[in-house]
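Common to both upcoming complexes is chain A, partnered first by chain B, then by chain C.
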Partner chain A sequence: MKLDTSGLESFPSLISHGNDVAGEISAPPSFELPNSNNFDGFLKEAIQMVKPAKGTTTLAFIFKEGVMVAADSRASMGGYISSQSVKKIIEINPYMLGTMAGGAADCQFWHRNLGIKCRLHELANKRRISVTGASKLLANILYSYRGMGLSVGTMIAGWDETGPGLYYVDSEGGRLKGTRFSVGSGSPYAYGVLDSGYKYDMSIEEASELARRAIYHATFRDGASGGVASVYYVGPTGWKKLSGDDVGELHYHYNPVTPSTIEQEMVEAAAT
Partner chain B sequence: MARYDRAITVFSPDGHLFQVEYALEAVRKGNAAVGVRGTDNVVLGVEKKSTAKLQDSRSVRKIVNLDNHIALACAGLKADARVLINRARVECQSHRLTVEDPCTVEYITRYIAGLQQKYTQSGGVRPFGLSTLIVGFDPYTGSPSLYQTDPSGTFSAWKANATGRNSNSIREFLEKNFKETAGQETVKLAIRALLEVVESGGKNIEVAVMTKEDGLRQLEEAEIDAIVAEIEAEKAAAEAAKKAPPKDT
Partner chain C sequence: MTKQQANWSPYDNNGGSCVAIAGSDYCVIAADTRMSTGYNILTRDYSKISHLAEKCVMASSGFQADVKALQKVLSARHLTYQHQHNKQMSCPAMAQLLSNTLYYKRFFPYYSFNVLGGLDSEGKGCVFTYDAVGSYERVGYSSQGSGSTLIMPFLDNQLKSPSPLLLPAQDAVTPLSETEAVDLVKTVFASATERDIYTGDKVEIVILNASGIHREFMDLRKD
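Now for the complex of A and B:
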């Protein structure tokens, strides 16, 4: 019985090794070289292609009463919507929230890890960790994994002794303190609504409506965002989920269908 | 008993760690140090052996800063103290770097005590031969604290305490005479305690006061002399009052 050695065949390499006397099996192993002009850079391009493009919309802002955090709930793999019900606002502990953008697994795991570290800090120091401290712990961890392929674009929002706190932390190792952030592919659209409607002296209802509207507008225009717009509020006593509305229904809430006036009505023709 | 003090990792049959106890002996031979906590400040006082004429006294400061809001005084082996103080200073800054906040007095005390304990449970090293008095203000609550650590690695908070030579007599004095004080009164109480065992005079005492606003301030020799004079005068007045016959009602 002749053994099927087709699996052992190596493709002819561009660089010939000169010893094809014994046949293909004994040719030195070689791999397919890419058909590319940019031989050195193609690998980087390939990574960029596969890298999750942070298809999402998340936002958070500080206002007079505290911090408002909102996100959509769509997960996409390229053009395929893999889920419409992803929890993108992660509860680190009763007074701190993190948002998810980028790799879902990375975000979930490192937020859980941050929760553990925050709890250990509480136990060791008999006081809660500040939002500054928590965001710094996460940023230091992400920095140490810099260049290894983590994809995390998160906002840490919370209330500590100094009041409301909001930090943006990403997998490049960056950490920014701020009052208004939006992260993800839908963020330009969300920023448009958020920035034009923002006032520091909003009430909780106004702020939650602004957050919801900003997410809705982002889901309307960005294909990678959709599902349910969740809105959370972080106040002095901790976080509270305020609403979770399907953006399809929100569309008709913001753009109600008005019955048009009938100009001409078709009636049955009288029998002659 | 002598067999059990070679390797410090070994317990004696009756449960002693002899190296640690010998380290405590070294502390008992060190300079007296006293710390008193007031309501708005904390005072540290240390016995100063008379400095040699040619020695630059500024290079032998016994009360040192660990951070803007934390200071330390110790009794025992001064070389060990230097190492411990350096590690504590680095840890204070490291804490500021990782959580963007100054550390509490309790945190750094726990760190120093942890370090001292580590050296009682490792091979080939001896314990640090010093006890420390750590004072400071909590950066969040603003309340003053005084902690003490010893070579075994235990620590606790105190209203007033002493360590080093004759610390028992100083502590007795403090137990009898302690009351909640503020400002200059706390300084006087600390100096009075130290004077129980030290020859009077600004030359033999080093005193520093830590306040929330101004951090650590070392008192000048002249200031200390003035306070000592006040204390002597009060003592003399008390003596005279005792000797004088009681007035009729």
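Now for the complex of A and C:
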């Protein structure tokens, strides 16, 4: 089948242009191609770079009472589960939390470093650092290591003078302010539950239950997420851990096993 | 013009497995003594265990040259600490030091898979497990190295303790006695030796408790 490429042809110029610049503007768009030997391999690698490959589920959202932060606790190395009890919610200081997704060592080290910088800020300025400031500190550090292979997909959640704050920061140098985030391979599943159940005017109990459910559903469907679903709440007096439940047990909590009625029927049949 | 690739690697894997189990008032750290490269055995008598501080012992498998360098760095840092603070480093403090030491070589890592075992300031057993770039976690038991995928499921079956992340919190140390834990370690290495070519020859077992440090060896299959 001969493809119709008429759309790709350049428009015949009505006025002859002696000037090169004008000629370039009216020419059809050309896509730069990589000069590599292995064009298909290059494209595959490029797609891999764009695809987030962080095996985890973390989420955080702002609601009327503050910020709710939740995460699973599974660490995987390829197909092997290296740990089921990883602390993915990192306590930067008593009023700020960070979540871990991506490289465990990268997240642990840089969150600890951020905690140190926040404390130094407090000592130098006689006041607590804002969530905006803390997330900017982290984002700037990660940006300076951009391209060197760090893998960090974190959310900084806290309560400062302006109220609850939530930022998403990643190792590509991105920093986004928002009210609802989920990061990791299980995030699509968590978003489904979170977005459909979210209301700004929730109580703390409703919000923590929503967060727990979202993590549970993500661990159910995503192989790289599992272990213990931890839920933290950040309020005006700081953060507090609300729950830590094994997702295997949560499954039977949400899907209780009822005794089957078949045995009852057989007993009745024998009696008659 | 394609990027030039190196024709040699600075790393090698000398194989081996290590295990550590924390008890209520003791800690057992063990590693096999085989050092290999490829299909060859370099020696049957190599200790992968290093006594970093009075109540802190590290076992490492992976690339033993990097392990030796790491042990030297940590001993030197511990000596400095003793001069500055006039006391031994506690096990949790050494655990953090090891994590930072590993991360400082984030872009040219120590190819070393470590378990740190010892007694915390309350005299309870503690085990810390690491990846090659320094992420660490306090656990009740752990194994690293070539036999870890064989050993870990067995330890999970025998020792699985409630996760430290659960709320309300539940204790993570194993209810086993010291002799039971040592027997378990011997069993675990005997099994790993059967199915992992890099594990064997001898297992060196170090037991840390209130009365000090005790070391024993057990022969394993040499094939």
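FYI, the second predicted complex is superposed on the first by the 211 of 272 C-alpha atoms of A that agree within 3 Å, B and C clash if a C-alpha of one lies under 4 Å from a C-alpha of the other, contacts with A are read in each partner's own complex, and residues count from 1 in each chain.
The criterion applied here is as follows: a residue touches a chain if its C-beta (ideal position, glycine included) is under 8 Å from a C-beta of that chain, and two chains touch if they have at least 3 such contacts.
These figures come from a predicted structure and were not determined experimentally.
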(message) After the alignment on chain A, I want to confirm one thing: do chain B and chain C clash, or do they fit together?
(response) fit
(message) Under the stated touch criterion, which partner chain does A:Gly235 make contact with: chain B (first), chain C (second), both, or neither?
(response) neither
(request) Go through the superposed model and pick first if A:Gly244 touches only chain B, second if only chain C, both, or neither. (result) second
(request) Using the superposition on chain A described above, determine whether A:Gly173 touches chain B (first), chain C (second), both, or neither. (result) neither
(message) Can you tell me whether chain B or chain C touches more residues on chain A?
(response) C
(message) Contact-wise, after the overlay, does A:Ser130 reach chain B, chain C, both or neither (first, second, both, neither)?
(response) first
(message) Contacts for A:Phe109 in the overlay, against chain B (first) and chain C (second): which applies, first, second, both or neither?
(response) second
(message) With the superposition applied, I'd like the minimum CA-CA separation between chain B and chain C in Å.
(response) 25
(message) So in the complex, the part of chain B that touches chain A is made up of which residues?
(response) 98-101, 104, 106-107, 140
(message) Per the contact definition, I'd like the list of chain A residues that touch chain C in the complex.
(response) 36-37, 73, 77, 80, 82-87, 103-109, 148-150, 227-228, 230, 241-246
(request) Show which residues of chain C lie in contact with chain A when the two form their complex. (result) 2, 99-100, 102-103, 106-107, 129, 131, 133-137, 139, 149, 163-167
(request) Note which residues of chain A are touching chain B in the complex, please. (result) 121, 125-127, 129-130, 132-133, 136-137, 140, 161
